[in-house]
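Contents: one structure, followed by commentary.
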Amino acid sequence: MQKLRGIVPPVVTPMNEDGTVDFESLDKVVDHLIDGGMAGLFVLGSSGQVAYLTDEERDQVIKRTVERTAGRVPVLVGTPDLTARRMVECARRAVALGADAVVVTSPLYALNDMAEIEEHFRIVAAGVDVPVYAYNVPVRVHNYLAVDMLVRLGKEGVIAGVKDSSGDDVGFRRLVQANKAAGSPLELLTGHEVMVDGMLLLGADGAVPGLANVDPAGYARMWEAAEAGDWVSVRDEQDRITKLFEIAFVPKGMSGDAGGIGAFKQAMASLGVIASGAMPAPIRPLDDSCKPAIEGILREVGLLA
Amino acid sequence: MQKLRGIVPPVVTPMNEDGTVDFESLDKVVDHLIDGGMAGLFVLGSSGQVAYLTDEERDQVIKRTVERTAGRVPVLVGTPDLTARRMVECARRAVALGADAVVVTSPLYALNDMAEIEEHFRIVAAGVDVPVYAYNVPVRVHNYLAVDMLVRLGKEGVIAGVKDSSGDDVGFRRLVQANKAAGSPLELLTGHEVMVDGMLLLGADGAVPGLANVDPAGYARMWEAAEAGDWVSVRDEQDRITKLFEIAFVPKGMSGDAGGIGAFKQAMASLGVIASGAMPAPIRPLDDSCKPAIEGILREVGLLA
Amino acid sequence: MQKLRGIVPPVVTPMNEDGTVDFESLDKVVDHLIDGGMAGLFVLGSSGQVAYLTDEERDQVIKRTVERTAGRVPVLVGTPDLTARRMVECARRAVALGADAVVVTSPLYALNDMAEIEEHFRIVAAGVDVPVYAYNVPVRVHNYLAVDMLVRLGKEGVIAGVKDSSGDDVGFRRLVQANKAAGSPLELLTGHEVMVDGMLLLGADGAVPGLANVDPAGYARMWEAAEAGDWVSVRDEQDRITKLFEIAFVPKGMSGDAGGIGAFKQAMASLGVIASGAMPAPIRPLDDSCKPAIEGILREVGLLA
Amino acid sequence: MQKLRGIVPPVVTPMNEDGTVDFESLDKVVDHLIDGGMAGLFVLGSSGQVAYLTDEERDQVIKRTVERTAGRVPVLVGTPDLTARRMVECARRAVALGADAVVVTSPLYALNDMAEIEEHFRIVAAGVDVPVYAYNVPVRVHNYLAVDMLVRLGKEGVIAGVKDSSGDDVGFRRLVQANKAAGSPLELLTGHEVMVDGMLLLGADGAVPGLANVDPAGYARMWEAAEAGDWVSVRDEQDRITKLFEIAFVPKGMSGDAGGIGAFKQAMASLGVIASGAMPAPIRPLDDSCKPAIEGILREVGLLA
């Protein structure tokens, strides 16, 4: 796989009302994203609600996405599980189904220190023959991947890059500088979806914004403006997207997995990209007042007529 | 399965130096615990390092434990995975292999609220036909199971009991009182291993102490004294066991999964119960200075000559 | 001051509707507590809402309490402020007004490690000539006082005792054992108000329960039963008090400073101990539905006819 | 006071080896900062180690700073204390000594919800007749000031601006957008010292970077480039400053108050701005190996020959 540069959205997994995967909608999402200018697709991430899928469903999602993508862009696959040897099993299945790379978190349930987490990544990487991206997502795995560890793993060829969803921009900046000083072994992708302008300005190689499921073209324009060095346009596009992000604050008093992704799915349904905003059990669905509020925001930012 | 009353240790999984399961030592652990007076065995819990086992290894551990136990006591099995439908798959495999009950945590990786977590337990319980115990372990799953939810699930027959490893004794006491007020539908087991005296005094039906792997007979004596209403003896036994628990503080600067269980395994090896204190990768092993310090404590409390 | 043994409540500060201190009610609280069998009074603690008082008001509360107490029991005084030299100023004022001892927390606002916190206690203790009690209250100061540090400070005569409001009973038990092994230099008081039975069983020298403002006689009976070794009666009294503690859960959706102390004050007002449950600005008062619910619980446990 | 725009450093408080304030060095710091192009001075902030000063020392620092500044730029003064009425007392003293504005945090020690914190700011603002800036500093006060509350307080004229040291850039961006939509009642200053480029790009009115004590001219250049719309230069200057910020990571294993500010003070001493890097008790001083490492970084970024 070539170096990734640009926007690589974590692909939403559309569902039917009974919680099964809606594969026709998934095909439409894939086309929507690639046509929207995305540089790659990341399936089975947090936005893909991977936690709620069985292994069989995971396999089907990978297979369908790879088929529909048909080589137009690389497909990265998430492998969340409890620990390294279990993740190797996930990763190998993904590779067999066509994954171009895998995206690997810290262990779950386990209580490890950073030295053990470093060894964890070495074990996973030794078990697969595609590039491994380290996925820094403290809100879900409850630890933060240390800058020096990541750069060391990059220099040694253990990992190819980092998807940073920590929201810690200081840490990300320090990672960018340390990576540069080490000869840039790592591709550094930010998941910080309403600060992509600042992250590109300071040197990110790309972004992995969940919100790009709703507005891939907006993110693509931002990326192109950044490539052209037109930072005012980058910022203005991000400001527009930040207004769009207010859809995530429409649902009130909902769980972390219900509100944000629920809003993204409702917006995608309103835009006709997917058939419905259905969510997997036991996630509570948005209440009825959310749809008009979300559509109001879609209109405000010019996505809905 | 009859109501559990007494001590139900979370069974340590002995390993060979290469990280594979040491089944001969596992047999010895099973006998050590049952001979020590334990009322049941809980395999594939945190102390069993379940996070580091593959599904195949989990199955083997269940199978071997069930065979060796041979009906002498009930065997409870942990099913940690990301979400409900995945846990149902784990639970069904466990039941097929002879589990008498399953022990189920909140979801991992997912970000749910309490209403969603309640539904999570309903989904798991609907998928299996053995008793389900809710496992309250905030340090690993990052949420706390609400008292009113647990009692409601008990009254409706969804769950049979609770294993409380929260360390929140106020919450446990409120749970005991609320359960009593509801007609005691739940069996309430504390995992609070150095406060078992206080928890029995306030009404726990039993305990699930990791340290019972090292000293089952001590916990059995404590249980019998409690049954006899001899609270001074209960407290004195707990004080002795608390001294033993200092083995968990011998390792310094180690991760949550390396220090405590590492010390338990070393103690069991020093006592001849298991062949070695080997730990699964990537957990850092204890350094050499720990063994004499741990054995000193074993001598102090009368477990080692 | 002699060694403290028994129940030492953190005295509630009654207020008028305009937020000024209601000194007549304060006199009644002092009598209520001493007549109820309390071994000492702790003023200007968290339950005393010390954070909301000016220095002048603090002085007046100390002065009035000392006068009304008139030597019947010792008066301990809290000195919360940002750091050591500021606390020395608070402590000296308290001593000048008649405090028998001071109760000192970790620094606020500051970000210190345990070695710095140890030095903090040394600075405060060097600045006053009454006994210093270390006040372990992580929920407010965001750190936990280490067992070995506390015992060392006790052995060196820096501190006389510990008021533990951490809710960490394992830590408290380890502290009790380490203190005993060191020759018991420290008096160890638990603030763990619904686990006083267990804490006395394991060796606490007394308790500092906020709820004793509502029911001092209940706690006094528990203490006497513990002194007599009648642990079943201790537990039964604690169970009754735990039911009373449900008043703290009556207020819903309120802040940490509004709900619990608000309920205690309402209960004291309903019992006629204080004139009203008034709270200092900006704390939100209980809503009207709370009073009947609280009085229902008071009746259930036999405090209200 | 006119609207603040530009860089307003939180002024370090230089000390003598015995912990008393070094007023001659303070004069030099004031000149260093104003000559370096700063738009205002913020004394008695976290970088000023306000927590460790007595009220008398606070007064002296305000007085000396106001005198030395002599109206060249506005002087803002921090007023950390436990709650609102206590902070009013601090704020009035500061105003009497010449403060142009006060900078006010959430309560300390208290446990309030956002409605109570909003009322807290209303109480403080009603008590003084200079502009009030809300200081959002979760790492020290353990809560986060809500965007909607801040904008409401701005619209009603209660607060004049916000100093945001939360490190939450998404929240800051949402605040900037909400403030703009409300007619920009608030001046919005970021304390996010290694992301000032991104924060200026998205619309901050200025910055409050502790590191500006070491390199005011660098931050002034960044500000001017931003005013000129030269975002590549802004970024390059920030990258240089980020390298300088590595001095904060030189001290290892130190407390939050010892490492970062200790490094800033050592750097200022190495640059000849202050007489020494002395720290107040009980903060542990940097060990000897830090000085050469810090000076190496100062050389690398061109501040030291």
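Worth a mention:
Each chain gets a letter, A, B, C and D, in the order it is written, and its residues are counted from 1.
Rule of thumb we're sticking to: a residue touches a chain if its C-beta (ideal position, glycine included) is under 8 Å from a C-beta of that chain, and two chains touch if they have at least 3 such contacts.
Chain labels with UniProt names: A, B, C, D = Dihydrodipicolinate synthase family protein.
Small disclaimer: the values here were computed from a predicted structure and weren't measured.
By residue number, more than half of the contact pairs of C-D reappear in one of the listed pairs A-B, B-C or A-D, namely A-B.
Taking only C-alpha atoms, you rotate chain A by 180 degrees to land it on chain B; that is to the nearest 5. Most remote from chain A, judged by the distance between CA-atom centroids, is C. One inter-chain figure worth recording: chain A and chain D are separated by 35 Å, centre to centre, where each centre is the mean of the chain's CA atoms. Centres computed as Cα averages put chain A at a distance of 49 Å from chain C. Within chain A, contacts with two or more other chains are made by no residue at all.
Taken as a contact graph, the chains are arranged in a single closed ring, with each chain touching exactly two others.
Touching chain B in their complex are the following residues of chain A: 46, 50-52, 54-55, 80-86, 89, 107-113, 115-120, 122-123, 139-142, 254-258, 281-284. Chain C contributes residues 167-170, 173-174, 177, 192, 194-195, 197-199, 201-202, 229, 231-232, 235, 238-239, 242-243 to its touches with chain B in the complex.
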